[in-house]
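The structure under discussion is supplied below as structure tokens; questions concerning it will follow.
Read from first to last, the chains carry the letters A, B and C; within each, the first residue is number 1.
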């Protein structure tokens, strides 16, 4: 026994170290993905018996306006949420100086990211409140009418995205601030000698060096956009008349709200969201694979 | 291994026996989940509980308060997973899914032993599914129009009794810069109250019930008539601006501040309106006016109920509590606090003017609807209420909305 | 350094920068400042519509006392700790081991296992909702802080493994080779050689996971309910339903709920930022 262990220690050890982690991860993450896929072929209210319906849930999805609204909102989220990346870069450049107290400024700018999205959602609901919210008080003060951002189908999704951009920009900012720390001063000097200034300097000298930071900022922002749920739940519950739903929220509503409990249908929406995300995950893994090989 | 198994079975049997003989010793903890987070209902329930505890000193009641909107989602979870011993819910179609799924316990014995079939007779039908009773009703309340008497007087408006007068009243109010009707549709159901009344008055009770039961198409001409009546009000600027941004509580403010004159609401709105400072001379109530002449004036009067989940742990005390809650004196006192009407026929409705008005109004008709989201199945209700909210903001989309609802109807009622 | 270091610019530019900084900060934090101000207003101010004028009275003590006495927020916060702390500990234990295994050993399916963790970490976790709820139910852990913590431990292991593995990979390998040559067992290498070197990573991750889990709202609503088990994020949502239009209480409650991660952040800022960036920008 001891001898066997001695001989094979190097082979067995990694698996023993991995076992608890793999077990938990498989049980709670990997397996459920396939279970969801399976449930999406059933009609199930979570209470009675499951009934196999084949592709019916997906067929129904194709003809469900609420699904398309949610899908469209997801795309808007994906596109506009990306603003957090340049915005974060901008703030980082702004703060990347050495004056007295700059460290405190940096951490205060980062502050919104530390707060729960529930609080961010409440804060912005309050900000948008049509009668007394700060935004409308300011609008009225400069002579405009109040806008009920969260009750207007034209603005609601954008209003929520703005709330989401607030902490997300802070996140990207911190990534860039760290990235800027490791920018090579010699290259900047070289650039200066070549008379590169302002935008040219940023574009040709700084940004290429910030590529790792940009990459990770894009990744976390895409994930954040596709997972968006908290803010919608807090600020509008998907309303008015469902116009601010995204797939993640619609799925929750279909599967778990009083008016829903269609587990199968919810799972089908989840699968669609998963497929969209798979594109990004595959891209990310591919890049990682290349990097690992390159080492 | 085998031995162990036997031992296990034995001890299980002993345990079961012990439970059988000592049901009173088991008594002690009673968990009640309620959605009574607003001040008046919260107090009413706390009073009932302390009254019950005084009479049953061996029982200790734990009250879990949920917020009103969140409760609707939570109930399904806790009924299946971690059931309390009692839970508040609503009568009619709204409890059907839980009854069908076997999540509620039938309580015919409580009705039988306490003579409830007689004392609660008026609500018996709405508590019965498949010939069994599934809970105990403790309150109901009228819906109608609450209005600012002083604003009506100042603008020389008499209480409207028909559609033309109602519209004329609104026109006068708008001319005076007052919003005729305040409403907050953020949580959707308030719009359903307006729909209920317009449909009941336009097409009558039987049609309304047929619609909520899924027997009539949503694109039916009669539904369109109802919606066109509604459109008249929307186009004339009857409803509070930005109503989709507010909850029903937030929509109280314009009425209190005198910026709006009417509220189509349930009687539970009276307590917060009074708390906010409206006096006897300011706050009034009238029955929703007639639209199609000659149709019986049916009403919305939702019944609130208490149920024993099938997975409850302490059903013995839960039944005691139900019996207590059904008692005439308890219902009298509780509804006094709630500002609502007791179900028990031996109870006395509070002498509050609004309760008396509601009581009188409701005793004139046998056509009582529960409420849109209690009469229609959940999915239809959700789609319907979303449609109503959208319609109130974008009335021009009527045809699209009705077509969408018809699609949902075809799927939901199979 | 980019743009031009401020000390090399004209004095006027320096001055403008120094003035712009606080203004930008105030604008940036304006929504939060508004909430902080609202949380000390009196109920009278709120009903009278005096939201933005000078408060008629300062009710800081009253409002914050009211939040704690009239609502179960104390319980909610306790629940948050009951979920967060076990999650931090559990995740760290699991991911130190997985990170060690994937960072040190060269074996065939190393990359495959690693990618499984990474991919799982990125999925839209809503897809797990229905099965995880069923699983938790069937284990009898629905509506317990333990059930919620178990899920968090499992899910966070994905991210933490990525983090730990990258960290360990950059440790000097010679140390381990030397230990092996001397016949030290693998478990002892883990415990005595590698673990002490991982202290900065452990510190960074614990702050980070603490914040993530404290702020989780979605899983709290899926796996718990009621004041006995719900953490403060979900609790705050429920309280928001009870405190309709009582914005002074909503604001005070929000601030109370946000406090622990904020304090954590300011106390351990260095580790926090290291955590965010170290695993990511390597």
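Here is the rule we use: a contact is a pair of C-beta atoms (placed from the backbone, for glycine too) under 8 Å apart; a residue touches a chain by one contact, two chains touch by 3 or more.
These figures come from a predicted structure and were not determined experimentally.
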{"item": "Required steps from chain A to chain B (each step between touching chains, minimum)", "value": "1"}
{"item": "Chain pair whose interface holds the most contacting C-beta pairs", "value": "A-C"}
{"item": "Whole-Å separation of chain centres (CA-atom averages), chain B against chain C", "value": "40"}
{"item": "Geometric centre distance via CA averages, chain C-chain A, whole Å", "value": "15"}
{"item": "Junction residues of chain B, two or more chains touched", "value": "77, 80, 253"}
{"item": "For chain A, residues contacting two or more additional chains", "value": "46, 131, 256"}
{"item": "Set of chain C residues in contact with two or more other chains", "value": "237, 240"}
{"item": "Interfacial residue positions of chain C with respect to chain B in the complex", "value": "47, 137, 142-143, 225-228, 237-242, 244-245"}
{"item": "For the chain B and chain A complex, residues of the former touching the latter", "value": "72-73, 75-77, 80, 97, 100-101, 103, 185-188, 241-246, 253, 378-379, 381-382, 386-387, 389-390, 393, 404, 411"}
{"item": "In the complex with chain C, residue positions of chain A that touch it", "value": "9-11, 13-15, 17-18, 20-22, 24-25, 27-33, 35-36, 39, 46, 93-94, 96-99, 105, 107-112, 114-119, 122-124, 126-127, 131-132, 134, 137, 166, 171, 174-175, 178-180, 183, 185, 188, 198, 201-202, 205-206, 212-213, 216, 219-220, 223, 226-227, 229-230, 233-234, 248, 251-252, 255-256, 263, 266-267, 270-271, 273-274, 277, 280-281, 284-285, 288-289, 292"}
{"item": "Of all residues in chain B, those that touch chain C in their complex", "value": "33, 37-38, 64-70, 74, 77-78, 80-82, 247, 249-250, 253, 276"}
{"item": "Chain B-touching residues of chain A, taken from the complex the two chains share", "value": "45-48, 60, 65, 129-131, 146, 148, 150-153, 237, 239-242, 256-262"}
